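For reference, the structure is listed below as structure tokens.
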Amino acid sequence: SGSQDTDQSLQVVASTSIITDVVSAVGGDRIVLKGLISSGQDPHSYEPAPRDIAKVEDADIVFVNGFDLEEGLLSIIESVNPENIVEVSRMVKALEHNHHDADDHDADHHDADHHDADDHDADHHDADHHDADDHDADDHDADDHDADDHDADHHDADHHHESGDPHTWMSPLNVISWVEVIVESLTDKDPANASYFRSNGEAYIIKLTDLHKKMQETLSVIPEEKRVLVTDHNLFEYFARDYNFKIVGSLIPGYSSSSESSSRETARLLDHLNQEGIPAIFIGDSAGEGVKKLALTLSKESDHDILVKELLTGSLRNPGMEGDSYISFMEYNMKQIVSGLNR
Amino acid sequence: MAEWILEPLQYGFFQRGLMAGMIVAFSCGVLSAFIVWRGMAFIGDALAHAVLPGIVISIILGIHVLIGALGAAMLSVIGIGSLTRHKGFKEDTAIGVIFAGAFALGILLMSKVASFKDLSHILFGNILGVSTFDVILISTVGILVVLGISLFYKELLVTSFDPTHAQAIGLSPQLIHFGLLFLVAATTVLATQTVGVVLVMALLVTPAASASLLVKKLSKIIVLSTCFSMLSILLGFYISYYNDLASGATIVLVLTLFFFLSLIVSKLRNK
Amino acid sequence: MAEWILEPLQYGFFQRGLMAGMIVAFSCGVLSAFIVWRGMAFIGDALAHAVLPGIVISIILGIHVLIGALGAAMLSVIGIGSLTRHKGFKEDTAIGVIFAGAFALGILLMSKVASFKDLSHILFGNILGVSTFDVILISTVGILVVLGISLFYKELLVTSFDPTHAQAIGLSPQLIHFGLLFLVAATTVLATQTVGVVLVMALLVTPAASASLLVKKLSKIIVLSTCFSMLSILLGFYISYYNDLASGATIVLVLTLFFFLSLIVSKLRNK
Amino acid sequence: MKSSEILCYGKACDHPRKSGTAALKVENVSFTYPGQNTEVLQGVNIDIGPGEKVAFVGPNGAGKSTLMNLILGLEPLNHGTISVFGHDAQSCRHRVSMVPQKNSVDWHFPVTVRQVVTMGRYVHLGWFKKPGKEDSEAVDKAMETMEITNIANRQVGELSGGQQQRVMLARTLAHDADLMLLDEPLNHVDIATQELIFHTIEDLCQGGKSVLVSTHDLGILTVHFSRALFLDKSIIADGPVKEVLTPENIARAYGFEFHKDKELSPWLNGY
Amino acid sequence: MKSSEILCYGKACDHPRKSGTAALKVENVSFTYPGQNTEVLQGVNIDIGPGEKVAFVGPNGAGKSTLMNLILGLEPLNHGTISVFGHDAQSCRHRVSMVPQKNSVDWHFPVTVRQVVTMGRYVHLGWFKKPGKEDSEAVDKAMETMEITNIANRQVGELSGGQQQRVMLARTLAHDADLMLLDEPLNHVDIATQELIFHTIEDLCQGGKSVLVSTHDLGILTVHFSRALFLDKSIIADGPVKEVLTPENIARAYGFEFHKDKELSPWLNGY
């Protein structure tokens, strides 16, 4: 289908702005790259325009995140160009259920686990992942994403849902594995430029390694007992694992933005915030008004001072702003976390 | 029992949520009878969606979303009001046309503005995140609604029952219609932010529908529907607390239960 | 010009999307006149939401969501149909009560089941990701709709115009109402998956509302509204392609534009 | 009853007409509206033979319309029996027709006069059949009789009150039933049409059809009818007009003794 | 006009009544319904003095109801002038009332008979005032006159056709206007009520009120009226009843020459 560009360069499409940034670091000027979800847009609520899909139909490779992040978009891509989809996170090991302390808050997440059971996790990339605590994934999708899992259901027959936290980019270590996947895929399709891709990839991996080290250092100023995260929903599984944080809970225990908090769960979370003296709540920039308000309410209501801090979650910011590339995106989040917790 | 009642009340967010819910329920319960009997059931749903372009524009302009939302609601109200003037156009058709158009416009604007992406706020407010300021705002609208309905009760009555007679005595049915739409719009815009559109929609329709099954006089319908709506907020709030359920949805289900109970009672009575 | 038309047609997704859109537009255009004139404007919106519990349950049971959705739609249809039987209950009230109750039930179920995440799918389908199978499904429903409306045209006419006369000649207005609701439900459930509820809702209301402004005979209204809806799909699709806009919203805006043009024409004519 | 009602549509009751059976037989019918506690009809007995022309009089609220609705099965009968040509009225719909006093017509619905009159033929068509040449002729004839041929293509909603009433009468003529129930057919129509109606009735009765006409025009009645039924909850009098419309009966039903001081119209004194 | 219409509600026109001014003056009024192309009224001139009682006759579709609507400003006047007591009708609403032939009433709306009759007082109350003792007395009196005191607390939707008509008449009596337009008030009502109506009219006129009554009952008319207006698009005749209702006029308007073969009722031959 579709016309091939006269230019012999690979036609590459990437879903989120973060993936686009990483792919562009590897592919450089030897590929024609089109990012579908531009900076500042939410990956989940993204509604494509027809010409974006025309690009997808023409593409030699379509990079998507995996773990069902761009669920709505995915179903379109799958119906338009199913052969050339590459999930950049396919080497990422999904996380075990590891972050909850044994308090009652844990109970809130049972539904989640239960959900796993129902979910169709017969993953086609099985070799690489286990099911893990995944409901976070759902959490996320739901939350900022307006897009349309409907389609997903609709395509149930051919698409198997992945389970696992889709926010793989929250740890640079995972993004290093992305780079490997990207280099491999580009090389497969365009062996002539293999060495170019490989050297770009290696250079970028060095930057990522540096970022990782910098984060380790910077975050280490936060005392051990203060390394606790309360977010709008769980999107820090990988971050917590790699930088030794504890996830205490999230404002929305449900799995979608559409789900509301139950009042008792909120009451428990408040008790918890008070007991542990947690200093900050982190809210994704694309979280709904309702969630932001709830965070402010809890911060006011707690017996100590709680900061409500904004984090970048699913998308880069517009060019020129802080957080317009993956690396500055992570540095911004790191700063927010340090300033929120290290008080 | 006392403890059962008091336990959640120790939390400020529960108190405020309950308070805000009760006030919204009161406003909606009062409006409900007219909404149901004038065939405007979907006005709440429609306005909550039609408000989208206003929200997007206010974000672009950097003004408070509430201003944009209210502005868009008022424009929609004018559109709906002018369309129903065309004799023969059913109210719901006018509402539907404006709703779909305004919402689509909002979506397009939004996709061009990018930073604002969350539509789900339209469906669900967060009744637990209600601030004291919200409670004050909602109370203001509640007072406006009660004042509006009680001051213009006879005008609402005559324009609903016989618009031609209203016109013949020099009363513009359209003006009253606009007034009612204005009250509904203010309620919907504010209430949607706190309790979500599904709940507002349910509160605007189900109470009066239930009450109409049981009593026949308009004033009694209004009183009973206000009782239904406030009771369902109270019950729904506690049920959702003790069963870890989403509050908004629980309240709507309690309301729906009241409706079916009323239906059964009325069937038995007519036997 | 030819190139302008042909360029997007080389893409399979565009062809399939356009095809699916046209078929949905055709079905909706045919139904539209009855929806508008029977005061059921919000039936599409309501059914698309009321279907939620069915979807959740079918996920729990591991059956195809379409089965659950259709099942829930049929249950809602029965609910709505039985409520309007109560003389005096306006259609939109019945629709509203069922809509709010079913949707809230769906949300509660969903929050307990978890795997089904996002609701906004209800708002936007993926007209760009239509598969050939979808096109076949939609065509089937389209054929059903055209058959249903043409076979029962006179029954629809008489029950809409004068339900008492219908009853007097032994025709159950309720049965016909159920039949119509059934067709609308099938269309809504399938079309929502591909084109989204906002578009379905708009396609069910705006075309006939526009056509009614220009012509007065029902059969002409049906023909004209079908033209409007199909034309707006065509135009909207191309406009969204060349201007990088979301297709669904663009189509709705084109439809709304048609409505306002019709309004202007009718105003000028009545001068 | 429900199922027979549905099945009956369009089916002629093929029971042979037994010679000597009454066109209408109402036996011991009592009726209370659901939810009400006063009886509206008390032990009513009526027997009308084929070809008979009967006037149906009684004060406002006497129960005339209620009885006619019961005969057609528009209200469920709760006490007594009604049969038409020896059969259950529900299974003989093609032989009974009515022009209701208060109609449930949606006058805004876009249909033309001709379409409405054609609806009188539907009962003979049943499912799936479209009106044929024979039906079209019957419609033309009915429209000619009621002198509405010149407005055949106008929207019914745009007609004057008298014109609309004539359309309803034409629809019943098109039905071509053996028992016609006319509930205050003289309302709204001018004297020319009144004459037309009576002459048409006369012709119909001569052709063997039975007609029951409710009216408050006691003056005109004495001229055109030989038999009258006087209803006031129960049948007060039944027989030749002069015997029924006695000053005593009138005084009893209308409470005229309370207005002795007022001058009665000469036509009332006339007999 | 719009603004005066709104401002007028509840305001008495405090212009002193000039002696010798007509109660109603219609000058050279022509009218075409919007979107239609035939004139419904052509150069109509009418002059009714205070205390006059005028019958308004003419065949179906003559334009009687249209003219009454124009007098009340329910349709926008497009040619000619109409004044009431020397003023613009729109600014004198408390002095003009009407019982319409086809009402726009939503009979399902939950109001009681008493509430409806009270609506006749609204024009004297205006904004914000609630009905007081005086109003309540006027309502009681109107209900007594129309003999509906016993059904004062029933839902209007549940009444018989004649009872509903009496409620409408009582509402107009409660209005206590100086010019009353009764559009076919005799429809649906029984003879007792007809007598009541005429005697009430008589009393009103003796009190200086002017009444214009449209009717098709030419028989009753000769008894109760001294002046008649014969309308058929334009005024055909105006004067004493006997001069207006000549066989020639009747033949001209009703086309009776086409029915020469049919026997005319004796009351038509009577004079």
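A, B, C, D and E label the chains in the order they appear, each numbered from 1.
Quick note on the criterion: a residue touches a chain if its C-beta (ideal position, glycine included) is under 8 Å from a C-beta of that chain, and two chains touch if they have at least 3 such contacts.
Remember, it's a predicted structure, so these values are computed and weren't measured experimentally.
The chains touching chain A as well as chain B are C. Averaging C-alpha coordinates per chain and comparing to chain D, the farthest chain turns out to be A.
Taking each chain's centre as the mean of its C-alpha atoms, chain C lies 46 Å from chain E.
Centre-to-centre separation of chain A and chain E, using mean CA positions: 74 Å.
In whole angstrom, the spacing between the mean C-alpha positions of chain B and chain C is 25. Taking each chain's centre as the average of its CA atoms, chain B and chain E sit 41 Å apart. Each of residues 108 in chain E touches at least two other chains. Across the assembly, chain B contributes residues 37, 90, 107, 111, 119-120, 123, 212, 245-246, 248-249 that each touch 2 or more other chains.
Chain contacts: chain A has residues 44-45, 47, 49, 146, 254, 256-260, 262 touching two or more partner chains.
Interchain contacts (touch definition given at top) occur between A-B, A-C, B-C, B-D, B-E, C-D, C-E, D-E. Across the interface of their complex, chain E is touched by residues 33, 37, 151-152, 154-155, 157-158, 160-165, 167-172, 175, 212, 216-218, 221 of chain B. Interface residues of chain B, counted against chain C in their complex, comprise 36-37, 39-42, 45, 86, 89-93, 95-97, 99-101, 103-105, 107-108, 111, 119-120, 123, 198, 201-202, 204-206, 209, 212-213, 245-246, 248-253, 255-256, 259. By the touch criterion given at the top, residues 34-35, 108, 157 of chain D touch chain B in their complex. Listing the residues of chain E that touch chain B in their complex gives 2, 5-6, 8-11, 72-74, 90, 93-94, 96-98, 100, 103-106, 108-112, 115-116, 119, 122-123, 125, 127-128, 130-131, 155, 171, 175.
Of all residues in chain D, those touching chain E in their complex are 33, 36, 58-62, 65-66, 101-102, 158-164, 166, 184, 186-196, 199, 216-220, 223-224, 250, 254-256, 259, 262, 264-268.
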